[in-house]
Amino acid sequence: MNFRLLSKRLLFLLMVVWAASTITFFIPRISPKNPVRERFAELARTGGFSPEDLEVIVADYSQRFGLDKPLLQQYGDYMWGILRFDLGISLNKFPKTVMQLIYESLPWTIGLVFITTILSFILGNWLGALAAWPRSPDWLKNIATSFVLFQGVPPVLLGILLIFFIGFKLKLLPLGGAYSIGTVPDQSIGFFLDVLRHQLLPGIALVLGSVGGWVISMRGMGVTIQGEDYVTFAEHKGLGPRVIFRDYYLRNALLPQITGLALALGNLVTSAIVVEGIFALPGLGTMLNSAIRSNDFSVIYGIVLFITIGIATLMVIVEFLYPLLDPRIRHQ
Amino acid sequence: MSSVTLSNTAIRQPNKVTLFFRYLRRNPSLTFGLLIMLFLVIFTVHGLLTINTKDAYPLAVRPKMPPSFQYPLGTDFFGRDLYAAMVIGMWQTAVIGVFAGALGTIIGTIFGFISAYFGGFIDAAITSICQILIPIPAFLIQVIIAGSIDKRSVTILTMAWVVLLLAWMGPTLVIRAQVLSMKERQFVSVAKLSGMTSLGIIFKEILPNLLPFIAAAFIAQVFQAVFASFYLAIVGLGPVREPLLGNTIWSAQTQGAFFNGWWWWPIGPAVAMILILGSLALINMGMDEMANPRIRRSE
Amino acid sequence: QDLPDVPRNQTLILGWDLSAAVVGVTNPWALPGYTHQRGNAFLWEPLSYYGIFKSEEIPWLADSMEYTSDDFTSMEIKLNPMAKWSDGVPVTSKDVVFTFEGQMNNQTLPYHAAFNQYVESVEAVDDLTVNVTFKIPAPRFKFEVLTLKFDTGIPIVPAHALEAQEDVNAFPGGLDMPHSGPYNLVAWDLNQKIFDLREDWWAVEAGRIGVPEVKRIVMANIGGQQMDNIAQRIVNNEMDAALDMRSSVIKSIVEQNPMVTTHSGDQPPYGYLDWWPNALWMNTQLEPYNDQRVRRAMSLAINRELLDEIIYEGAGITTIYPFPLYPALQEFADSPAVKALEEELQPGLYDPEQSAALMEEAGFTMNRDGLWEKDGETVSAIIQGFEQIHSDIVPFLVEMLRNAGFDADVNFGADSYQNMADGVAGLYMFGHGASLIDPYAALELYHSRYSAQIGTSAGNNRFSRYANPEYDALLDEMAPLGADNPRFQELAAEALGIYWKEQIDIPIIQWLHRIPYNQTYWTNWPTADNPSLGENGAFWAHTGMLVVTNLKAAQ
Amino acid sequence: MKPVLKVVDLEVSYYTDAGRAKALDRVNLELNAGEKIGLVGESGSGKSTMALAMMRMIKPPGRIEHGQVIVDGNDLTSLSDEQMLKARLSQIAYIPQGAMNSLNPVTRIGAQMIDAIKAHSPNMPKDKMRARSLKALESVELKPEVFRMYAHELSGGMKQRVCIAIGILLEPKVIIADEPTSALDVVTQRQVMETINKVQAEIGAAVILIGHDMGLMAQSMDKVAVMYAGRLVEVSTVKEMFTAPKHPYSQALIRSLPKLDVRGVFQGIPGLAPSLLRLPSGCAFHPRCQEAMDKCKTLRPENQVLASGSRVTCHLYGEGA
Amino acid sequence: MANLLEFKNVSKIYKRGKTETVALDNLSLTLKDDEPTILTVAGESGSGKTTLAMLLLGFIEPSLGQIYYQGKDISLLSGSERMSFRKEVQAVFQDPFAVFNPFYTVEHLLEVPIKRFKLAKSRAETRDKMAEALTAVGLQPDEIFGRFPHQLSGGQRQRINIARALVLRPKILVADEPVSMVDASLRANILETLRTLQRNYGVSIVYITHDLTTAFHIASSIMVLYRGSVMEAGGVEQVIKYPQHPYTQLLVDSIPWPDLNRRWGQTDLEPSEDSVIGQGCKFYARCPKAMEVCRSRPPLFQLEPYQTASCFLYQEKPKLESEQLSKTLPV
């Protein structure tokens, strides 16, 4: 039905992919550094390579990675690869491909980031709505506002503090790792709970750090909606505050928030990159971090691209789902 | 027609200052945010006037001293006076934040105006560029860029530039949306009828009304900039020697400060970071209220 | 996956960064993805190991490995007849020849250069005997290349598994690749690697070692975690050992959990000497580092005593040598010739005034910021380093240099290594990963052979680009000589004298590994009091397998 | 006949930055069942405030200071909040000013009607609620399909009628309609007014129609109440109002109306409405009143019933005059 | 007798995606220089009234046809001509609040045109001019100066708006629903001001409204639009008292006169359906008297010298070319 829209959105997606990949392609090439060389120089640190050989090896690998071809051809190959979901080969973890590496670490990040995004969406919007709702008691509004303060705390910092207080001092939750050392991953409930326990602190750090954003925007939205005539009319109808809150106020205020979901996810991914590290969770973030630190450029660009495409795709999906939630848009 | 004296000439609106304070009372988040900010500014300015800059760098004082009268925030493993380090760190954070924030906002405002006011192809181009760039996580690109520049030339200002690079799309879209709605307002039509030129209308009619939005965008930008600089510091891409708050927190971490019982080392800058970002978030929320008249509490 | 349950008291848990590991890559030739550091050392064995703290060779796959000529130009290797790969195939001279020829012919392998330089040919005499012929005298080849210690040397790879591969560099290996080490890799993801003991390990039968008590090794990922987190997890008995700790942290660990010990027990310096003494290197071809006076002035600005006191709790860790003071080298350092030189040249002297005088002599003036300046340029003294290992010491060095007027700063960026290799102006905090048993390797780093032109890349540890014919002559004369030759000792002292006098680089600290050993479940860790085979305690080093297989269950 | 609605001394103030604004000043009104009264007055004179006060829907900074609203013998001002919720719509219903935005855009019309019924009789079976809603739609002459539609699928007039349908769902005794037609064009306006009249006749409720279009009042109301600066200055039958208005303000208002027979004559009311913050002393209208006397400046006139049945608040009438 | 303003077969079509809205359909209209008049443009919501105003002010361009000002196509005016066009064609808008820039005090509204059109030489003169105009609309200047828009009442604001037009002494004033947001008692005042403008200052006024009662009182001629087309036009008294087109009849019938003797009419109120036949009479779907012939577009028929209707009920009357429309509008 919406063929035009669909094709337009797909075009948008392609444009995003194109822009992101172009940026990731050209930035390192504008810079005077040679990623392959840098990587091998780094490797030489652990011993063995001689300088004479280094250049030979670099040349050899440059060929493997196609870096000896003319720039435009490289660019073309790169683009063509991306369209086939081929993000190239890791420099550091050769012979693994970037896609393989992403698949290995993705589950952890998806688990963490998706759950925290949803949680912070629910919590933040709930608090924001309550903060704007004139009937809610002052203490509740103050709590909601104090969450805004938390928004000012970078999740890593929260993570550090949480580890210190809850992990070190109170010994309530594990200090790190994705699951208890030595357990063998399986499908059991026990394992699932173990994973959950380990995700709790990083999850809290991410949720606390991102709730405030939702509180702010939801509060703004909420005050706007509350001034709408249909809310007033609902009161005139004699509806109880609960029903009004739920069906008239929350529902309407929430809708525009949903469009922000995909972008919020993007922000959380950023936070997760740093947070995963301090909790020793082997997700995309940790992968990216180690890539950054080991000059594994192809992995860095691969992950950046992957995340970007993920976010853009989610944005498009949200856009397509949105009409299902908002009848006004459906109509157009 | 007879003109009877208006009885409401007699009504005196309370003066602006009173009104401002009353407004602050109604907008606690703004008030709270401004108060914290004011405190931080006083702290920094007072600090800058009293400290010895050298004390903010290693080997200046006796290391690993807990807070005392002489060193109100203690000293760290490297022998920095943490009070001096905090003052300098706040100052540098402010420089990055304000620089990136201001430029981002200015660029955003200019693009937003151009886009909305001239419409057509330019608008389509600017908005699509923004929309295409927005899903790209800025931080990741910043990492790539920061990783690609020659580290010897990384200073506080380069850091601000890196932060700025992907920071202008947000304001652009916000300002564009506002100008678009503003543009449809009748006073713009009237200004045209009064012989005003496009530029005149932009600067004299529309811009002043967007000040709250621009201010809100600015605050949001500063927030983003401070945040980004913190993250870049953590992944080791900042000017490491400088006592930027992020650097101090991170170096405390890498020296195991908590574990070794030197809690005062990371706590100070962490609290400062929380206060800076928290007050910005609160001000942002308060500004939101000003920018959105529906939310504005009735007067 | 079905793994048998192994009780905790038979399981060894090691904390290590696996996030950077390449899951499934076990083939030592799969480069650059392979590393022995993340547990793969439990799979691969060499011809022999070296127990550094006992200065003893530990024969392993080879029963013996002897130079068969006085001028070190040929060698005979005799393999242990019981050695077997994990798939039952015996380890034979075919594997040794395959390994050696692979290194000779495959230029992407790390020891290609060494083989290329020295090895003429390799020949299997029979199933258990291999003869190696060298192009030139290679007195140190056996030790440097064929013996595993710390992070250097090569393991023997299974010819029958690799022959079949089209591109040996691109073959990951996987969990099932035949190997000769005691453990099978049974599970591997980004969180952990699990190794289970192989009951049919040849070395037990061959009498090399007793039956290992560690039935299972779990290597748990701690990548990215802050050191104090890891420390806390050790204190909580979550792990039996982990990466080496910063000196301030290890002290707290030992204090908080009495079951945790270190190489030096509960006394500073809490660690053992690594082979990697760090210096401030500089590109001696570049202004102003091409001026000996500037180099010396910088050295005079470094207060080593203060460093010892602040960072290392007073343990004397700073150094004036470009090599680690292992027993043999300590002997060299204590020799009268070296002592006399030290007395004369004062390489460890801290004297700001003399430093300033030298700078003025070199034509520098102090500018308003208190920095030395010449032709409007300050001394670009950005120290390139590595955050994880240098973040405690480099900030101090920066400040000491700054206080003496050098425009110092620090770069811990991902590009710091390349800046060193490229010889970008500045200072490089880096180790001398060279000498272990005699000073030759360390001194050879400054041979003009490695004095790469500016603009080309200097290889590992050859950042100085130093050139001095007099010095070269000494080194050339030393090269074919064994270390026990008195002439060698004489020449070495002379070369060290030039190194000090010329201040080719500024040696700063001995490198220590401070590894916490948790004795709650496992005892018999290699320590100063209990040197075991003389191997170092790092489970991630090539000798890690020896550490693990020698552990004794505590309960 | 017993009045179905009695407003007694109702007083409402808004507390603003510039001071306290008395938006409703001791207003009294009585209405019989089936009676339709128009409430007119300048913008800001307090018409909506009065409606909201009757619904007990004044929100801060406003406050009901005083007075009673008695519907069918029940004093609404003495009810608990819970009871008041029940009273809304079932006793007294309000049809809002901006029907354009008075319907929830994301739920179906039907759901919004059922909501309202459920709030008052939670135990009523679903199909009965549905039947009742459909009946209400039918009485405002909307097709049953509207039940399943969304607000944005309806035209302005239809939306306004949906609001009316909701207003009569529970057959309240009193219906207050606040400018239900001012956003509509004449044709639709007429349709809506006819609908109101029709349903009012069906359920026999009393109607208060707020507006400032005297034409509309003339066409469909029984009585007109004129409000000025928070006070009801005159309440008369339509006939009385258009033929012989009593209060000088009413007179001026009527004079200012356009007439079909004499073209091109305008007569505005001189001066401006006073600010509620600073009301003129005495009678609030005196500065604009052509018949103002000395005592008008100082003495606040009281409400009185004239022989004609009109209630007026003016010194021209009563003992002193 | 120069034509001050001339619409020549002007159409405006809005395209949004695939849907096209004909907001104004082939309108021709002339306003003469020497005969200031008040012309009412009436019609229900969406009939194209505002579109007409916007076209006239040059804010939007016609999709078809031309608009001439003093004989020149307004889209081709030179710089100075444009300046005088801007000055001479002015408007008063519906919402008296929205026309003020909330950032400035109200005199900004008057000051800007004086400055831009260089109507005064000094600050003092500017102020005098402003005061004069304000007084002319019955406001006391010193009460107005220095205030922000929200500090004034709607009536005051609307009158300042008119004062603005006065300052400029335009030749044409477009008043787009200037009183719809104002309550009954103020309405009279404002309309009176407008009429004074026309009478005393010779300004032609295009009065746009859907309120036929006020139109009846203020205007001399009227044009009834429905979906962009002229349904009926002529002298205001003639058209409102004796409407001929069924649509006009419906409108007039629906006026709630504040007059007890004149009750609302009985014309059936068909709900408006969107089923317009592309080529037919636009009112076809709602017309109680629709005939087969109405499936084609009716031309204008001249009923009286000052009355014309576009309806086949009068097909025996002489046809009137659409260009001739202005002839039936009395001054």
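Labels for the chains are A, B, C, D and E, by order of writing; each one numbers its residues from 1.
Note that in this section contacts are C-beta pairs under 8 Å (C-beta built on N, C-alpha and C of every residue); 3 or more make two chains touch, one makes a residue touch a chain.
Small disclaimer: the values here were computed from a predicted structure and weren't measured.
Considering the contact criterion stated above, the chains in touch with chain A and with chain C alike are B.
Chain centres were defined as the mean of their Cα atoms; on that basis the chain farthest from chain D turns out to be C.
Centre-to-centre separation of chain D and chain E, using mean CA positions: 33 Å. Centre-to-centre spacing of chain A and chain B amounts to 23 Å, using the average Cα coordinate of each chain. With centres taken as mean Cα positions, chain C sits 47 Å from chain B. Under the contact definition stated at the top, the residues of chain A that touch 2 or more other chains are 33, 160, 168, 289, 292-293. In chain D, the residues that touch at least two other chains are 268, 272. In chain E, the residues that reach two or more other chains under the touch definition are 189, 192.
Across the interface of their complex, chain D is touched by residues 44-45, 153-156, 182-189, 191-192, 195, 210-214, 216-218, 237, 241, 250-251, 254-260, 262-264, 269, 271-272 of chain E.
Residues 55, 57, 59, 85-90, 93-94, 96-98, 100-107, 111-112, 115-116, 119-120, 150, 152-153, 163, 166 of chain D are the ones that touch chain A when the two sit in their complex. Residues of chain A touching chain D in their complex: 134, 228-230, 232-240, 243, 247-248, 251-252, 255, 325-328, 331.
Against chain A, in their complex, chain C makes its touches with residues 1, 3, 8, 11, 13, 17-20, 22-25, 30-33, 35, 37, 107-108, 110-114, 151-152, 169-172, 187, 189-192, 194, 216, 218, 220-226, 229, 232-233, 236, 238-239, 414-415, 417-418, 421, 433, 450, 452, 456-460, 462. Chain E contributes residues 57, 59, 83, 86-87, 90-91, 93, 95, 98-104, 109, 112-113, 116-117, 138-140, 143, 151, 164, 189, 192 to its touches with chain B in the complex.
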